[in-house]
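The data blocks that follow each hold one structure.
Below, subunit A partners subunit B and then partners subunit C, in two separate complexes.
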Partner chain A sequence: MTINSASHANNKTQTDLPVLLPIARQSQQSAMIERREGTYRLNMQPRHIAWALVLFALACGAAQAAAQPEMLGPMQALFKWMEFILWGPEGELTGFALNLVISFFAMMLGTVAGAALGLMQVSLLLPVRQGSWVVTQFFRNSPWLVLLFTIMLLVPFEIDLGFVVIPVPDWIKAVIGFSLPVMANISEVVRGAVISLPSGQWESAESLAFTRRQTMWMIILPQCFKRMIPPWINWYCILAMATPLCSIMGVEESVTFTAQALNAEGDRPELIPVFYSFLLVIHFIYTYPIARWSIQLEKKFTVKT
Partner chain B sequence: MEFFADYFRELYEATGWNFVIFYEQYEYDRFLEGMWVSIKLIFASLLFSLVVGFVGAWAQGAKSRIVRYGISGYIQLFRNTPPFVQILFFYFVLGNLTPSYDAGGYQVAYIESFGWAVISLGFFAGAFNVEIFRSGIEAVPESTVEAAEALGYTRLKSYIYIIFPLAFRVCLPALNNNLVNLLKTTTLAYGIAVPEMMYTANQIWSDNVNVSEMMIVLFVFYVGLVAILVYGMHKWEKKMKIPGYG
Partner chain C sequence: MSELGSNASTGWTPDQPMVSIKDVYKSFGELEVLKGVSMDIMKGECVCIIGPSGSGKSTLIRCVNALNDIQSGSITVEGQEVNAPGLNKLDLRKKVGMVFQQYNLFPHKTALQNIMMAPLHVLKQDEGEVEERARQLVKKVRLEGKENSYPGELSGGQQQRVAIARSLAMNPDVMLFDEVTAALDPETVKEVLVTIQDLAEEGMTCILVTHEMGFAREVANHIYFTDRGIIVEHGTPATFFDDAKDPRTKEFLSQIL
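After this line comes the complex of A and B, so read on.
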């Protein structure tokens, strides 16, 4: 009859009285943290992956059996196009590899901009604090796709500086477009980490005659750094899973190439499930270890603090 | 209304800022239509995801092992794959397999792109909702559940009348996050040509070459909707508060 009595007993805040109050407060707090750090939490076991692969293989087998004998079977077709979807034609960095490249650069750009914006959010100057707050909230609450469209359509395809013309290929625009929401979320992570430190750290630094800048760089940020790593990885996972979006704008990444490969095979209905499942599987295989790593790091860090 | 239209027409003539949707009837109608589809899409997928969460959280406490494994498999699958690929998968793969009827010479599927968008977005957000509701259910004191049992409630009845109403209040803040996320994710329906706000805006700026103006409209629309949703959820949270129960 009891629902999850074991995990309930683990709860430290449990009282004898049938009262939800402490737990409600706790869940409110954890929701706040979750909003800041992204809700990407992987608690998958290796056996789940085994099951997923078995299902994928079964689906492929069924598709194979259903195919007409004179045509190329789904598995052969997938095998034929696999390299194309993963890294595009010879000598180009496209396909799934481009997804990864976009995610790396967007994360780098977003982290640098986000760290600056986050530090502005804890500034002592009111206009700086409020301005950066507005920017953060704006980019955090706009849909990723709208931000992506804005950059894709409003940034020119080349920038003429008079003496040199810098071409801006689509994938660079995608990098900028993805870095904006990442920036806003990293900004929140930085702000959250700074304000989560006990105020005693600031006060004792002050009593030791540290200036504000010294306190920030030598006392506060080194302590924040460790706390920021797990949510940072978390946001990277979310970003990596968002990169297929730029296929809408025709960036030559994995989803675009899958559609092209299907087209080249004549859009046969028995191929479609196999190809799209393959897409799901490769994205999963990439993000899964990273997400596990983030959970491990988080466990490691929470014990020490 | 006429004054409003004149203002934007003059703005265009004076500055070149072409908010065509506010002074041309055709574009205005198109804009309203897109907005309406978007709001319907958001509302339907919110509702669907809540139903998925409600049912899933109940089924997770089931005695049957198969049901529990099924639910956890579903959660893992939907949380760990890109939502955009999920939508494409639903639309192109399952859309191909579901029946269609003959509408005078061409085949029309029973579930069209709007339906598939609602289903896939609902399942995507539902996977998160199941976990959110489950954490709320775990917070309900065991003695409350036992008291319900003593009063002769069945498992389903006590879930509906006692556990869920309490759990729901506890997990509202987390639910809030997820619904905001879902609202933003509904733009992905653009990828399967659901004529929602994003798609309509694209049509309008293709016809009138006013990309930056329509982008501003889009931002105002979505950030405004998020603000309304957050505000509404906070109001609701306050209203549902039971003294002594958080």
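After this line comes the complex of A and C, so read on.
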């Protein structure tokens, strides 16, 4: 033990357990790079993709081996249903496309409501501040699925205004259900960004006779905006990955359609890993570039200030 | 604002103290920071407040432009009571400029924009005139060529000079400097002090909280020494530095000189 730790002393690793040394060195190295670049790393390398392909091939092989000769092979079955899972029957915007539509609208709604709520959290008026704090904490600390259930069961399928009946399709309800936790988290992002600015900014603006409103809009928020972009994108990624939750309520999105497709193929168990890995892959292909982009932005803004 | 005539509403005339501090008490919760401080500053005077840390120097000048409120006593600027409940803070701050230890420039604006912002948006002056004056101010603080630099691209001393120009853009009658060189590298301290000296020599009323004894001796008209919330001793630089009476002043000076 002592010999080993002595031989690695110049690496400044924090452990003298020989079995941990390789890991310690590795994590120390990546920590150094992250410190230098000012942000964490999210690097996917070719070997990671190779591993994913190997796993997928194994799943397909297993499915192929289990299939009866007269049945469709796993890849054939997947190709048959791929379009259906991606955008539903022709003329509809369902399947994975609906996941994206829900995520867009939920993000828009959540951002607008969250920005307003966040600004209320830094209001000078105590009732406004406290009220918005309670709303934020309530929705931030509720399970997304419970919020979704509540909204989907609470909102009627149509709203009768007397002279006109407005239908409320399931996916709209899902948008509302998802926008609530997003709103609460964006509210915290806004509040956090505002209070993260040094108090000297407020003081110097005050001494230059700016009003509080002017200070907020001309000096504080423009600086916050930059700080808010990375967490905002981050919350979008989380939201996009959470949209399949609404399949439980029968919204016609990708997971619902995958289950239907599997059902139509006779619920063959060997197809399950193939179809669901396909779902994972399309979500990944969508989300990963966004995550990379947010890290790029974060890097850019860390250097500036 | 810049014209220094008498003030009709307060009855103030230029022969009266421009800033008058009378028996000011200030506490943060249990902690009493100022315990009966009084001083008068005439138009065109340059006053230095020195003393050990925690003696209430910064608090005192922050009270002058109402960044901090006071518990009792009176502070007037051109006859206007700063501590009055109905004080028009904006009106006061147009008269009183302040420069901070940490510069506090707006990092998302260029040097020139930093200087232009307040006249443009607070005083609602014409953009062309404001820009012309801002460029003159840049020249005055010797930063030609840095107009379009962002604060992050400037050195501490350069940032502090932009901060001074930004304050001056409001055409204040009094300038407050709160340890403006304390965060600077020794070699950049001088450029900032020279800028302040220029101002003082042009007749700007200046109140400085500072640890720069050489500057205080050379530029100040009057020096106040504070310790534990009271003014221990004050006088002209000559009497203060060479003929201090109070033992606390002597001890402080012996440590610092």
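We adopt the following convention: the second predicted complex is superposed on the first by the 251 of 305 C-alpha atoms of A that agree within 3 Å, B and C clash if a C-alpha of one lies under 4 Å from a C-alpha of the other, contacts with A are read in each partner's own complex, and residues count from 1 in each chain.
Please note the rule applied: a residue touches a chain if its C-beta (ideal position, glycine included) is under 8 Å from a C-beta of that chain, and two chains touch if they have at least 3 such contacts.
All figures in this text were calculated on a predicted structure; none of them were measured in a lab.
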Which superposed partner A:204 touches (first subunit B, second subunit C, both, neither): second
Subunit B versus subunit C as contact partner of A:31, first or second or both or neither: first
Touching partner for A:170 - first (subunit B), second (subunit C), both, neither: neither
Chain touching more of subunit A, residue-wise (subunit B, subunit C): B
Touching partner for A:144 - first (subunit B), second (subunit C), both, neither: first
First (subunit B), second (subunit C), both or neither touched by A:255: first
Contacts on subunit A seen with subunit B and repeated with subunit C across the two complexes: none
Interfacial residue positions of subunit A with respect to subunit B in the complex: 1-5, 7-8, 11, 14, 16-21, 23-25, 27-28, 30-32, 34-35, 39-42, 44, 48, 51-52, 138, 141-146, 149-150, 153-154, 241-245, 247-248, 255, 269, 272-273, 276-277, 279-280, 283-284, 287-288, 291
Residue ranges of subunit A touching subunit C (in the complex, touch as defined): 198, 200-201, 203-211, 214, 218-219, 222-223, 226, 304-305
Subunit A-touching residues of subunit B, taken from the complex the two chains share: 61, 72-73, 76-77, 79-86, 88-89, 92-93, 96, 128, 134-147, 149, 155, 163, 166, 169-171, 173-174, 176-178, 180-181, 184-188, 190-191, 198, 202, 205, 211-212, 215, 218-219, 222-223, 226-227, 244-246
Subunit A partner contacts - residues on subunit C that touch it in the complex: 65, 67, 89-90, 93-94, 96-98, 100, 102, 104-108, 117-118, 121-122, 152, 163, 166-167, 170
